[in-house]
Amino acid sequence: MSDEAPGEVPSVMGPGRLEAFSDGVIAVIITIMAFELKTPAAANLHALAHELPLLLVYVLSFTFVAIYWVNHHHLLRVIKRIDAAVMWANLYLLFWLSLIPFVTSWVGTQHGRPLPAACYGVVGIGAGSAYNLLGFAIHRANPRNVAIVRATHHDIKGMFSILAYTASIPLAFVSPYIAYACFAAVAIAWFVPDRRLSVGGEPAP
Amino acid sequence: MSDEAPGEVPSVMGPGRLEAFSDGVIAVIITIMAFELKTPAAANLHALAHELPLLLVYVLSFTFVAIYWVNHHHLLRVIKRIDAAVMWANLYLLFWLSLIPFVTSWVGTQHGRPLPAACYGVVGIGAGSAYNLLGFAIHRANPRNVAIVRATHHDIKGMFSILAYTASIPLAFVSPYIAYACFAAVAIAWFVPDRRLSVGGEPAP
Amino acid sequence: MSDEAPGEVPSVMGPGRLEAFSDGVIAVIITIMAFELKTPAAANLHALAHELPLLLVYVLSFTFVAIYWVNHHHLLRVIKRIDAAVMWANLYLLFWLSLIPFVTSWVGTQHGRPLPAACYGVVGIGAGSAYNLLGFAIHRANPRNVAIVRATHHDIKGMFSILAYTASIPLAFVSPYIAYACFAAVAIAWFVPDRRLSVGGEPAP
Amino acid sequence: MSDEAPGEVPSVMGPGRLEAFSDGVIAVIITIMAFELKTPAAANLHALAHELPLLLVYVLSFTFVAIYWVNHHHLLRVIKRIDAAVMWANLYLLFWLSLIPFVTSWVGTQHGRPLPAACYGVVGIGAGSAYNLLGFAIHRANPRNVAIVRATHHDIKGMFSILAYTASIPLAFVSPYIAYACFAAVAIAWFVPDRRLSVGGEPAP
C-alpha cells in the first residue's frame, strides 16, 4: 500500500553509538591530560618535584573524569531509547569535560593561585549541570523506565557536587587550598557511595 | 559445484566499523581542539582574557563538529549496506573535519584578521561538500531505501551551509566579523531544525 | 564429570576487539598528523604558504593511512578467527603506522631534503611488510577460508608498494622529488584498484 | 505485584563498554608516545641520531603497552560479569598506563641517567600491581568461572615482572643500563610465553 519500507528504518535509536562516541571523547580527554605533564628538563629530584603539583592535579582530574565515565555508563546501560535532546545533552556534557585538561594544566602550573582554582570550580559546575540535564533528557525519552527514575532520583551526590563546586569559587579567593579541598571532597563523595550503590543494584546471582 | 564458501564472506558490508572509525576520528578532533587552548602564562584575568577568543572559536568549532557527528549518526543508522565509494566518501569527509583544529587555532590566535576567517570558510565548504558526497554515495549503495531519500532530500540546511560558507570567504576581507556571523548562523541553523526533524522522524511510542 | 565450564570460555576469538583497537589507533594517528600543522604565526598568505609543504605531505599521509584502514577492514571482515600471532602481527603493523606522523612532520618541515624522504620510504616498507605478515598470520589462523586466499593472493599492489618504497630510498639521495613521486604512485595505485576490487567482490543484490 | 520493570534493567553488566573504553585509552596512550618523538631540527643523520634513544625507548614502551592490551583482552574475553570494583580496578590500571608516555619521554630525553629509569620502574610496578588487582576483582565478580582461575593463577610472569621492576629501581642508581635491561627482560618474558599460552588455550578446530 505504501511505498515506504518502514522496516528499514529503526524508529527507535539505541544508545550504542552515543556510548561509543562518548567513550572515545572521554578516553582522549583522560589521556591527553597525562600528556600535559611536561618532560622534566633535568634528571634530578628537583626537576621532578617541579612537575609534582601538576601530577597531583592530574590524579584529581583523572578521578573526576573517571567518575563521570562510571556514572555515564550506569545511566546509559539501563535505557533503550535516545532522541535528539539526549544526543545534544550528551554533547553538552562532553563539551564541559573537554575543558578539564585546560583547567587541570592551569591549576597545576599556577598552583596556590585563586583564579585557576575558581575556573576549575566553574568547569565542575558546568559538567555537573550538564550531567543533570542529560539525566533529565534521558528520563523524558524513557518515561516509563523505573531504573532511570531510581538512577536519577536519589541524586544527593549530584546536589552536593554542584554545591561544593559553587562554594569553591568564592572560597578560592580566600585560599585556593580550600577550593582544592572542595574538589577532593567531591571526588571522595562520588567514589565511595557509587561503589555501594551499583553493588546494591546488582543482587548476587 | 564451486570451491568457494560464500557463507564465510559477508557479501554486504554493514556500516558498523565505518561508524566506529568515524566516531574515533571525530572524538579525537573534538578533544584535540580543546588541547590547543594554551595554559595561560599567569593566574590573572588578563591572561585568561588572552585565551578568550580561542575559547569562543572553540565553542563554535565544537558545535560545528558536533553537528556533523549528529548528522553522520542519523545518516548511517538508516542504512544496511556500504561499499568502497561510501568508505572513501566518508574518509574524504573525515579529512576535511581533521583540518578544523588547524583553522580553529588560526582564527583564535589571529582573530579579527581576514585570511584565517576565509580559510575557516574554505574548510566549511570542503566538509559540507564531502557530506553531500557521502549522502550521494550512500544513496547509490542503498537505492531502494526510502529513509535515505528522506534524509538526503530536503537538504535546505546543507545548501544554506555551503552558500553561507562560500559567502563568508569574500566577506571575510570586508570584515572578518561578518564571516564569523556566517559561521554562527550555520551552526544555529543546523542545531535548531535538526532537533525538530529527528523528533518528527520518531513518533511517540 | 569435569568441574570446568567450557561453555563460559569462547574457545575461538573473534576479531571484534582487534578491529576496535586498530580503529582507535588508526583514528588517533590520522588525526594527530593534522595537529602537527602548526598554527601560522601571522595572518597572511606568506605564513600560510610556509605550512603548505606540510599540508601536502599531510594529504599524502592521510591517504596512506586511509588505504591501510580500508584494506585492514577488507582483510578482517572475512575472518572469524584470530590467534595470538594475528594479534601481534596486527600490533606490529600499528607500530609502523604510528611512525607515520613522525616522518610526515619531518618531510614537511625539511622538504626537498634526502634523508627525511628516505626515512618515509623506510616506514613505508615497514608498514607494507607488516601488512603482508598480518595477511599471512590471518591465513594460517583460518586455513580453509577461501576469501582470505583471494584477498591476500593477487597482491600485485602489495608487491609494487614495497618495491616502490624500496626504490625510493636510494632515489631520495638522487632527488627527494623522485621519492615523493614514488610515494604518490603507491597511493594512486592502491586507491584505484581497491575500489574496483571491493565492488567486484560484492555482486549487486 | 511490583511497580518495577526489572526486565528493562540488565542486572548483570557485561564487559563490552569497559573493553571499548580501555581500548580507546590504550590506543591514545600508544599513539601519543609516538607523537613525543620530536621532529628532528635538521635533515641529517646527526639530527636523526639525536632522536634515536627516544625511538628505542618508544619501541620498549610500545611493547610494554601492547603486552597489557593483549593480556587485558585475554582476561576480559572469558568473563560475562563486571561490577563496580572491576570498573575501578580497570580505571586504576589505565591511570598507571597513562603515565607511561611521561616516563618514556623522560627516559628518552635523559637517557643514561638514574632517576628517570627508576621512575620508569615505579610506573612498571604500579601497572603490574593494578593488573593483579584487576584480575582479583574479576575473579571475585565471577567466582565460578574456571577460565579466570586458569588465567590469573599461573601468574609467574606477573610475579617476575613486579620483581624485575622493583629490582630496577635501586639498580638504576648503580647503572641505568642495568635497569633498561630489566625492562627489556620483562618485555621479552611476556612476549614469548603469552604466545604459547593462548595458542595452547585454543585447540585446533
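The letters A, B, C and D name the chains in turn, as written, and every chain counts its residues from 1.
The definition used in the following text is that a contact is a pair of C-beta atoms (placed from the backbone, for glycine too) under 8 Å apart; a residue touches a chain by one contact, two chains touch by 3 or more.
Remember, predicted model here, so these are calculated numbers, not experimental data.
Q: Taking each chain's centre as the mean of its CA atoms, which one is farthest from the centre of chain A?
A: Chain centre farthest from chain A's centre: C.
Q: Are the interface residues of chain C and chain D largely the same numbers on each copy, more than half shared, or largely different?
A: different
Q: Approximately how many whole Å separate the CA-defined centres of chain B and chain C?
A: Averaging C-alpha atoms per chain gives centres 25 Å apart.
Q: Roughly how far is chain A from chain C, going centre to centre by Cα mean, in whole Å?
A: For chain A versus chain C, the centre distance works out to 35 Å.
Q: Identify all positions of chain A at which a residue touches two or more other chains, and write them in rising order.
A: Only 20, 24, 27-28, 32, 35 qualify.
Q: Would you pull the chain A residues touching chain B in the complex into a rising list?
A: 3-5, 8-13, 17, 20-21, 24-25, 27-29, 32, 35-36, 81, 83-85, 87-88, 91, 94-95, 98-99, 101-102, 105-106, 109-110, 113-116, 119
Q: So in the complex, the part of chain D that touches chain C is made up of which residues?
A: 19-20, 23-24, 26-28, 30-35, 37, 39-40, 42-45, 48, 59, 62, 66, 69-70, 73, 77-78, 80, 144-147, 191, 194-195, 197-199, 201-203, 205
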